[in-house]
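Below are two complexes that have subunit A in common, paired first with subunit B and then with subunit C.
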Partner chain A sequence: RVSSDGKPPKFQPPPKPVIIDRKTQKEQSRFLSPEFIPPRGRTDPLKYYIERKDMIQRRKVFNIPEFYVGHVLAVTTANPHTSDKSNRFVGICIQRGGKGLGATFVLRNVIEDQGVEICYELYSPRIQAIEVLRLEKRLDENLMYLRDALPEYSTFDVNMKPAPRMDHEEIPVNKLQVRMKPKPWSKRWERPKYNIKGIKFELPERKMQAAQKWSQPWLEFDMLREYDTSKIEEKIRKELSEELGK
Partner chain B sequence: MARFCAGFAFALQGLLRRSVSHSLLSFGSITGACGAIQKLTRVRVVDNSALGNTSYHRPPKCIHVYNKTGVGKVGDKILLAIKGEKKKALIVGHKMPGPTMTPRFDSNNVVLIEDNGNPIGTRIKTPIPYTLRRREGEFSKVLAIARNFV
Partner chain C sequence: MMPIWTKSGEKHAVTLLKVQDCHVLRYVSKEESGGKTAKLLVGGKNVSPFSKPESAHEIFKEAGVPRKQKVTTFNVTEDAIIKPGTPLYAAHFRPGQFVDVTAKTIGKGFQGVMKRWGFKGQPASHGQTKTHRRPGAISTNKAAKVYRGKKMPGKMGNIYRTSFGLKVWRINTKHDIIYVNGSVPGHTNCLVKVKDSKLPTYKDCNKNPPFPTFFADGDEELPEDLFDEEIFQFTDPSVTFA
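Right, the complex of A and B next:
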């Protein structure tokens, strides 16, 4: 096959057959906190089982609500240096990381024109309360680009009242496209590696196409990177419902 | 050749000012965070002292960190070069992530201080981390003028 300008032809992925299984799709809507799913590796599952037991113990005593990246949370922590021993911070969750007991989430807010981020450990005994103030998912799972966005997108009122939750079924997705500060940014968010859908790129077409040079379209077809968590998730869901139902 | 280009680019940056500057730092170009505060880091003075708030053609830079390691974290004293003079300052927040549950700020914040520890300004509007309260004895006067805590 001879291409027009002597360069190798652009990689055209084969069309993937889309299988829609209507039976199992309904059951997948239940929420499982991402830190319960063990990472892919060769560690003994006993280690994760023991850790899960400790996590369940903590959850029995303290209610950790269901939340995703993009929710606005208010966290009250115990702090010996405050006057009334506890400290409240309101912010948008920009990242959820870590597995097991070391699971963390980062809250971001802009106070008095100063951007502040705090990384909290979900299972830390210092946390006294977590309230969800606004329930909405965003287009991406990692909102680190808010650091390079205009500060209005990260400001949240500290005395915000919790919005009433209508449905117990679906969490609305906010399709907000955020406007950025002028470049340079902390990371090159226009590159396909980050796959960000929530930014309104006002860069010239030339720059957007130049960023596509770093795309790796074969990555989604790499079978060695596949990690099917459906069976593991089912097991963990059963465990959780048994233990927490008691 | 590379040095000539860098000089030319730096001169251009003065002309091609970004039309919208949302941060309070009005420097030419800003490199990424290189860790906490060390020698030659540009810092942001957050109190309302005259020295910290008058504009100058060079940003305030750290020239020495009073620490065994040369890296300053929250609560360390540093020597600052502002407006052609040397002044001591206290670090109240940096861009580098610290231990969990401690706040990470979007700019390296600093409060101007005398040799005996008295702050020069009279008010600090930006939030200060609670961890400074642990050393209440040394920083009592700085904590007294702070308004918001995080």
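Right, the complex of A and C next:
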């Protein structure tokens, strides 16, 4: 800075040190199941409050573990038509949909060369147990492209043992790039609309650039689509921790 | 709308209806109204009194109640008369009962004949000139006129319609919410009229209803949630088949 009087410049005190508190950071990154976050709409918030009370009630009786898309789960459901009245299915979670009590998750596995996908409801009373066998997140939140990938990526051993979990902190992200069957696929996964990072595209460069024609770069700047859930999430986390702590 | 599960594991979809500030406004006797039964005027959902003239507030002032958005009539027998000014609650209905729900359907505006009446229209190609969604012929040659009530394009929706025979699964007395089976006409947060069902199959299903209505200052202490017998309550463990 140019000094006004020819005197040495005014003493600027050094900036204050920023203290990052490890404990509060840990609490902030705690997991909130996505079906608790209410969608944007004109419904009365009382409806979501009452649904949440029911969901908390069910969670008190039956443990729904924390899981993401990409985890390998084993689900036992009650089935009146089998001899031991229960049915166990192991698979990788490819999608978590729905909000509130109707929340669902889809498990996929390949059994005897036949791909099988089952859509379970999280809060259905017929589910007797959910076990997490392998904990790993993937690069995408929707793994529907496994239908067009080679079957080796969707096969999981039915009698798999639960992998031992080391820390109670981070869930590892598997940066696996999946190889696909030859085209045609069920959806054009190379298009920017799906924004898939977990496929190893072996298509020629020309086709990849032609797919970019359908990109909509203005979407990320569209302010009307922004839905800031941070405050809603905080309130719901507080409510959950109070209720489940009781 | 929300899912609900029975004890055998079946899922049913359920609509939530909130009873918001309902009060009885006036009693109209059989002779006065000229009908077969006495009527009770009931109003629901409080609204600001400043948007209507003073003359419209007379009914509400007599009953001692703030101005209501909607006023409906219920035909009642002589023994079910309630004093004007009494509040009505969701506990008036009990789980296991069957109700009819009336509301104005979602307005779709001016619609063509395919959406409004389900006509098939014409094919998209094979030589059709400018005719894909039109009604086609509107009458015969011999009639030499168009009949009254001919299905034609016009304003669709925004009319009163009723869903009959809906089962009440659950009642929340704390927030005054009725859980009614299936879907109900109208958009989210619209005003809806709930009556006991007039269908002959459900004539004798209501055994011991609160008669004439549920009074909050009475002796009865109801639990916060009233469930039907077949509902799976979330306090129970998961369903197992023996």
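Rule of thumb we're sticking to: the second predicted complex is superposed on the first by the 218 of 246 C-alpha atoms of A that agree within 3 Å, B and C clash if a C-alpha of one lies under 4 Å from a C-alpha of the other, contacts with A are read in each partner's own complex, and residues count from 1 in each chain.
Simple rule for what comes next: a contact is a pair of C-beta atoms (placed from the backbone, for glycine too) under 8 Å apart; a residue touches a chain by one contact, two chains touch by 3 or more.
Treat the numbers as computed from the prediction; the structure is a model and nothing was measured.
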| item | value |
| --- | --- |
| Touched partner set for A:147, first subunit B, second subunit C, both or neither | first |
| First, second, both or neither for A:87, with subunit B first and subunit C second | first |
| Subunit B versus subunit C as contact partner of A:172, first or second or both or neither | neither |
| Partner chain in contact with A:45 - subunit B first, subunit C second, else both or neither | neither |
| First (subunit B), second (subunit C), both or neither touched by A:58 | second |
| Contacts of A:117 with subunit B and subunit C, given as first, second, both or neither | first |
| Which of subunit B and subunit C A:186 touches, first, second, both or neither | first |
| First (subunit B), second (subunit C), both or neither touched by A:101 | second |
| First (subunit B), second (subunit C), both or neither touched by A:128 | second |
| Residues of subunit A contacting subunit B in one complex and subunit C in the other | 79, 121, 124, 126 |
| Subunit A partner contacts - residues on subunit B that touch it in the complex | 18, 20, 22-24, 29-30, 32-33, 46, 93, 97, 100-107, 109, 125-127, 130-131, 133-134, 148-150 |
| Residue numbers on subunit C that touch subunit A, as the complex places them | 2-3, 5, 9, 11, 16, 18, 172, 175, 177, 188-189, 232, 234-242 |
| Subunit C-facing residues of subunit A, complex | 41-44, 46-47, 50-51, 54, 57-58, 61-62, 78-80, 85-86, 100-102, 121, 123-128 |
| Contact set on subunit A toward subunit B in their complex | 77, 79, 81-82, 87, 89, 104, 111-121, 124, 126, 147, 150-151, 181-182, 184, 186 |
